[in-house]
Amino acid sequence: MRIGVFICHCGSNIGGTVDCKSVAEESYAFPDVVFSTDTMYACSEPGQQGIIDAIKEHNLSGVVVASCTPRMHEPTFRRAVERAGLNRYMFEMANIREHVSWIGKNKDANTNKAAELVRMAVSKLRLNRDLHSKSFPVTKRVLVIGGGVAGIQAALDCADAGLDVVLVEREPSIGGKMSKLDKTFPTVDCSSCILGPRMVDVAQHPNITLYAAAEVESVSGYVGNFEVTVRKKATYVDWDKCTGCGLCTEKCPSKKSFDRFNEGVGPTTAIIIPFPQAIPKKASITRDACRQFTKGKCGVCAKICPTGAINYEQQDELVSMKVGGIVAATGYDLMDWTVYEEYGAGRYPDVITSLQYERLLSASGPTGGHVKRPSDGKEPKNVVFIQCVGSRDVSIGRPYCSGFCCMYTAKQAILTKDHIPDSQSFVFYMDIRSPGKGYDEFTRRVQEEYGAQYIRGRVSLIYPKGDKLIVRGVDTLMGGQQVDVEADLVVLAVGGEATQGSPQLAEKLRISYDSYGFFMEGHPKLKPVETNTAGVFLAGSCQGLKDIPSSVAQGSAAAAKAIGLLSKDMLASDPQIAQVDMKRCVGCGKCIQVCPFKAIKEVDVRGQIKAEVIETVCQGCGLCNATCPQGAVQLSHFTDNQILAEVEALCRF
Amino acid sequence: MGMQKELQAAIKAILPEVDCVIGWGSGPDPLHGAPLFMRSEDDANRFASGFFAVNNPALFLPEYKGKKVAVVVKGCDARSVGQLLSEGLIKREEVSLIGFPCQGVVDHDKVAAALGEKGEMGEVTAVLEEGDALVLTLRGETVRLNKADVTAEKCMRCQYPNAHIADTFVGEKREPVATADDFADLAVFEAMSLEERQAFWEKEMSRCIRCYACRNACPLCVCRDHCVATSRDPSWLTQADSVKDKLFFQVIHATHLAGRCTGCGECQRACPVGIPVLLLKRSLARSVEKLFAYRAGIDEGTPPLLTFTLEEPTIKERSW
Amino acid sequence: MSAVSLGYYPGCSGLGTSLEYDASTRAVCRALGITLQDIPDWTCCGSTPAHTVDHVLSSALAARNFAQAETAGIDDVITPCPSCLKNLRNALEHMEDDLFRARVDALTERPLTRPHTVKSVLQVLVEDIGLDAIKEKVTRPLTGMKVVPYYGCLMTRPASTMRFDSPEYPMSMDNLLAALGAEVLPFPLKVECCGASFGIPKKEAVTRLSGKLLDLAAGLGAHAVVVACPLCQMNLDLRQEQINAANNTHHALPVPYFTQLVGYALGVPEKELGFDKLIMPLAPAFTAMQEACAKATAVAEKKPAAGKTEATAGGAA
Amino acid sequence: METIDLTRPDTAFIREVEKESGQTVSKCYQCGNCSAGCPMSFAYDIPVSRMMRLVQAGQKEAVLSAKSLWMCATCETCTQRCPNNIDVAKVMDVCRHMARREGKGGVYAVKTFWDAFMQSVGMNGKVHEIGLMVMYMLRTGRVFTDVDLAPKALPKGKMSILPHRAKGRKEVADILRRFHEGAADEQKVQARLAAAEQAGKQAATQEGGRS
Amino acid sequence: MSVLEGKELRIVGFLCNWCSYGGADTAGVGRFSQPTDLRIVRVPCSGRINPLFIMKALLSGADGVLVSGCHPRDCHYAEGNYYARRRLEVLKGLLPTLGIDPRRFEYTWVSASEGQRWQHVVDTFTQQVHTLGPAKRLPDAPELAALAARLEPLRN
């Protein structure tokens, strides 16, 4: 074998703490290495060309690049060696950036370690074999999970590109958090005027099948051919018959149900259409609030419904389908702010969340857009906004910045002034985070033109005194001065968290999630909408909290990825899968027993039982390989001999 | 002896139904028995059970897969059969077991040691069992040995003298010697420091001649000709005569038997240079029993390393 | 409720400014079947001054009391005073560290030999005896009495040390008083500081902070501010006139210990509860209670205001 | 205002505060919540959040001479509400200890009151409230402190003229004496512990050797 | 290329590609400095790790072996780490019988987001191995090893 070694400086990223030249020189001593050099940026165009030229000039049969993590550029370099005529698997990487230069300070130790990692890669490469993919057909349908603004965008983009789209939404209507907002920053334009038409597009698009009041039950299969089961939850209304006339909601005698859409600002009926612009505009019954279910008698809605759509006997329904790609767009929830006992933990009716305030501001909200405080319906004059409630707070396990609160608080302060001209807003903040286009100008406007008082400091205590709320805070810009504000209404800028059930969904999708339940992107910069599971993409706040423009952008980005994936008729399978050496298999069946994918079957070979791998089903985990006592099953590209060669290369001193 | 006759009767009774009955006959000298494959009544008449019926007949069962055989089993042999069954390596309907209450078997190393200056085992011309004693004739003299002094270690801690799986059981079941395995043999070994243990293995393994008799005697080593010890792909071992490789083979053997080894001790008995290779397997058996409450060959269900549970209450993971 | 026996640490103020807290605690425990065994020859826990000097010194002063407890075979101790409780708890907690313990031992020269626990009287009543058991024994319910419970800073803080109730909005005393039949008003400042021991060196601290508490309590229409801490009680009661003078207010709010009200409700004779030791007399609270009760009954059924409430003016002077 | 030279912070001071308090002061991001909740802030010359900032910046002199150290009521509100889980009260505590060690006068009235308290404990084993008051008044010269309270408290029998003396007062006095002699000094105790461990080990090896 | 003046020990890590290898990358991206002793072998899943790889390393002169996979329930392949947990735990129990200090081998779970945790794991384990010092080497067949080295260039 003729091996070429390329040691990348990555500018000063590696070169700063690794003597790349000496690693390249040392590499000549490794077995089968016939060419070795250092290069400034191996991944750049000249860097790749250098590799290609060297392969041709030195007749190389395998290449080692020592640079960044293979999770970053392995595909890049594989394509490069392929362009030079080698099989893409005749290539190995040594990770001397993330695992060496960025974490070690001692240049000698780093250089030594880098050289050893190159030796290890060379040792493995010597046992690499050409591998070839198989191709298989794909299902040209996309599942979008979550019908908020990100999911709507992804669904519409995919559908416009000609793909079948299945959109699954947990709530009875799509629209997500954005549909609850009154206005949006920094333009202060009407939220439902922007979103409403997009929601209608979803309903009318011939390529989109919408399941509202539904959740993903299970996912199996793999990229190109996932098997998905969706649970359509019982709404006790036959949506094929329901016209959305709303007669039932007018007549329903149970009027004390918690209004989810309006964030509990005022009660609602047991049978509801969540809001006038709901898509689908269909009624559904909240079982816990409905007299028919709790008391066993009522039936008013059934009697009144002109189409006979009410069905108290309705059951959940499971629907199965095949899809080629999946976009997760499950959004966020507000965290449970009642952990803040010092803010009353919910005891004071006039301490409300930002989202509740949106509903109070909204013309289609329960107060018709008149700001009335919950306790006595009076119009508040002094409104205090407290930022970072549940954000940047290590003591309650939420160290992260929610990102959008600074901006929506500024917007709400502006709207407050618009609604109540003689009002005064006070905003307690820690830092104003406004890095978007036109954002910082917006936060200046609220102070300069709308006269909002911005006070830098946290609030320590809220307590009622008479019909006022005393807000005890601090102004750190006055040197830690204690300040009191007598407020009529306090609005908490409650931070976001991964939506309920995120970890469970992540497990169904087999994608990673962080300790807060946000889904992990494939790479924070280069794969921001991909996941490490092929065919599953991310859009919106489920990946990390973000505002509407970013959510929409990510929705389109995820759609582009899904469209790209499904633009091919056939996909190439990963050839890094298990293979059985039939001669050595004794048919003990242990591999079959442990395979998580049922990818190994028993076959009869001339009267003897043997194991056989089903190539398109095998995912390449190698569990069978580690289980087979005689090593008759070997995982291609990670064979026993290859790993042993790596171990030996490391332990030979 | 009554037991002998009864067993022979049972063997003869089943002969018509099977290809072969596996048991024991007399060996090359009076101190050694040997496996016996019986296909006729004549063969059955040569059957010999008792103190010298040491070999584990379960060893031969996988080769007979597809044919119906019967096998005479001691308690420990039955455990091996049980394990082969639970791994699906043999089929229950193809094996018929004849059990009996085992009174323990000989340890030839102990006999050799007991004889000491008095002579070699090969010189023994006759053996008589008299109650708790063995009466040996060699060099024209008789030597009395206490049976208990020359009984195999595994019998001294035997919990299952009566084959726990048997289609036919001959005789009255006897009380087991022990009710639980206290792994006292390991405790003795573990009185040594880690350094001493390492030195111990270095010294012991230096004698190994890489004959693989240990492996060949193991009823659960079903890879046989395809053992990784000698394969090129995968190539786990070099063929160098190094302690490292020889010890590594023992580790491979033991690891492949983790959760499977029933402790029959055939590996150690087969070792021509007397390396205590059973120790490693005993250590693993102890871990497996402690972690997964599993005794190979006895407990039903999937062997513990071929399955898992979501929570492992017995596994204390590192807090970091 | 089976009989309970516990070690008892009264704290220095129990011999002086909070005689009635000590007395009513003992009486209530007796009534509830709790046997208290005083720690023999106990000494000061060090209080705030010691721990402003040094944490080891503070713990050593506390540890001596555990050493004394050991001589009487006492492991588990209770104390009415939250400040003593914090010091005793802190000492036990810090002494889990070997070096710290060795440093304490170097001062006391009496290493502890057994593990100890220490709890507040309030915690024992609420958690160990239980509200249901207490409710069962109420013979003179406080129906109609409007009270605000005031816990002070240290009863539940620091949360990691006290491990009892919420550090921001505790409810144990609220629930206890409610179990006695009282009308418990939600008091938002129930853990805000009263000025602590600054009454002497910096009186303004008390007149300001305690003043704010009294203002809010009076604003809510409370008949009494119920406390669990001797220092809080002194600031709110003994210094109430100083507060009125400083703030130009006219409060006359009684400030009983919760144990006094529990004792009363359980039918313990008033003289054992030390009502007469309170500076602001408790009698008006009982009068107000009876009036409220009578009014409620009259309104509800237009029946005469007799009935269950037999409360007299509580025997206060 | 004087200019502070930030290039030369007193890092030894920062380290000492961190070691004695067990807190990482760099975790403070100056949200001011401690100051916002502090009931004694009105009496502080430097609000507690600024104290934290001064510690971060290694401004030892400013921290240890602050009156705030002596006006802290140790109510723990700052600790309770710190979003970064810093035990702010403990930082204040150790700074006060350091101020004492450095001989800072502090707020005379407060320090005198605490010292009088400790003296009362040292003499009687328990605090004698009247004795404490007398001692305090004599030292501060504030002879009229709370005289208005005496007519209220005395008839209630709450203030006994004679102290309740504990038999163990000698023991308490010994604790205070040993403390002032430095018996609990960390290094001293640590050295003693190490010596004891060494001796234990030797005994064990000898034992082992014999067997 | 000897190990740096005896300052470094030989620590081999087997890391699952999906979680821990990514976690180590995350640690790198965050510049969380770590001791330099560890060399990482990338495997697709902790379930791919035959415990004998670890034995091979330990018998071949590694002073420590660290395995890290996805947290239970997070396995990219659903179940691999569950099998790994059992097998690795059993292996750990065997080490003392061989005279190898079990603290030379640890296994743990680190996700791709846990850069800081990875730093902590590497710090802790490296320190643990350093406390134990260099492992005693089993005698190789020295003359054969030397011969093999000399024959190496001729192999192709």
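Think of it as A, B, C, D and E in the order they're written, each chain with its own count starting at 1.
Keep this in mind: contacts are C-beta pairs under 8 Å (C-beta built on N, C-alpha and C of every residue); 3 or more make two chains touch, one makes a residue touch a chain.
The model shown is predicted, which means the values in this text are computed figures rather than measured ones.
The pair with more inter-chain C-beta contacts, choosing from A-D and A-E, is A-E.
Each chain's centre was taken as the mean of its CA atoms, and the one lying most distant from subunit A is B. Rounded to whole angstrom, the centroid-to-centroid distance between subunit B and subunit D, based on C-alpha atoms, equals 72 Å.
The distance from the centre of subunit D to the centre of subunit E, with each centre set as the mean of the Cα atoms, comes to 49 Å.
Distance from the subunit A centre to the subunit E centre is 32 Å, each centre being the mean of its Cα atoms. Taking the mean of the C-alpha atoms as each chain's centre, subunit B and subunit E sit 35 Å apart.
In subunit B, the residues that reach two or more other chains under the touch definition are 236. Subunit E has residues 56, 60, 73, 79, 83, 87 in contact with two or more other chains. Those residues of subunit C in touch with two or more other chains are numbered 167-168, 192.
Listed by chain label, the pairs that touch are A-B, A-C, A-D, A-E, B-E, C-D.
Every residue of subunit D that touches subunit A in the complex is listed here, in rising order: 27, 29-33, 35-38, 41-42, 46-50, 77, 81-85.
Those residues of subunit B lying in contact with subunit A across their complex are 87-89, 222-224, 226-228, 231, 233-236, 256, 302, 306-307.
On subunit E, the positions that touch subunit B within their shared complex are 51-52, 55-56, 59-60, 72-73, 79, 82-83, 85-87, 89-91, 93-94, 96-101, 106-109, 117, 120-121, 124, 136, 138-141, 144-145. Listing the residues of subunit A that touch subunit C in their complex gives 341-342, 344-345, 347, 461, 463-466. By the touch rule above, subunit A contacts subunit E in their complex via residues 1, 26, 31-32, 69-71, 95, 97-100, 102-106, 108-110, 112-113, 115-117, 120, 507, 510, 512, 514-515, 520, 524, 532-533, 576, 594, 596-597, 619-623, 625-627, 635, 638, 640, 643-644, 646-648, 650-653.
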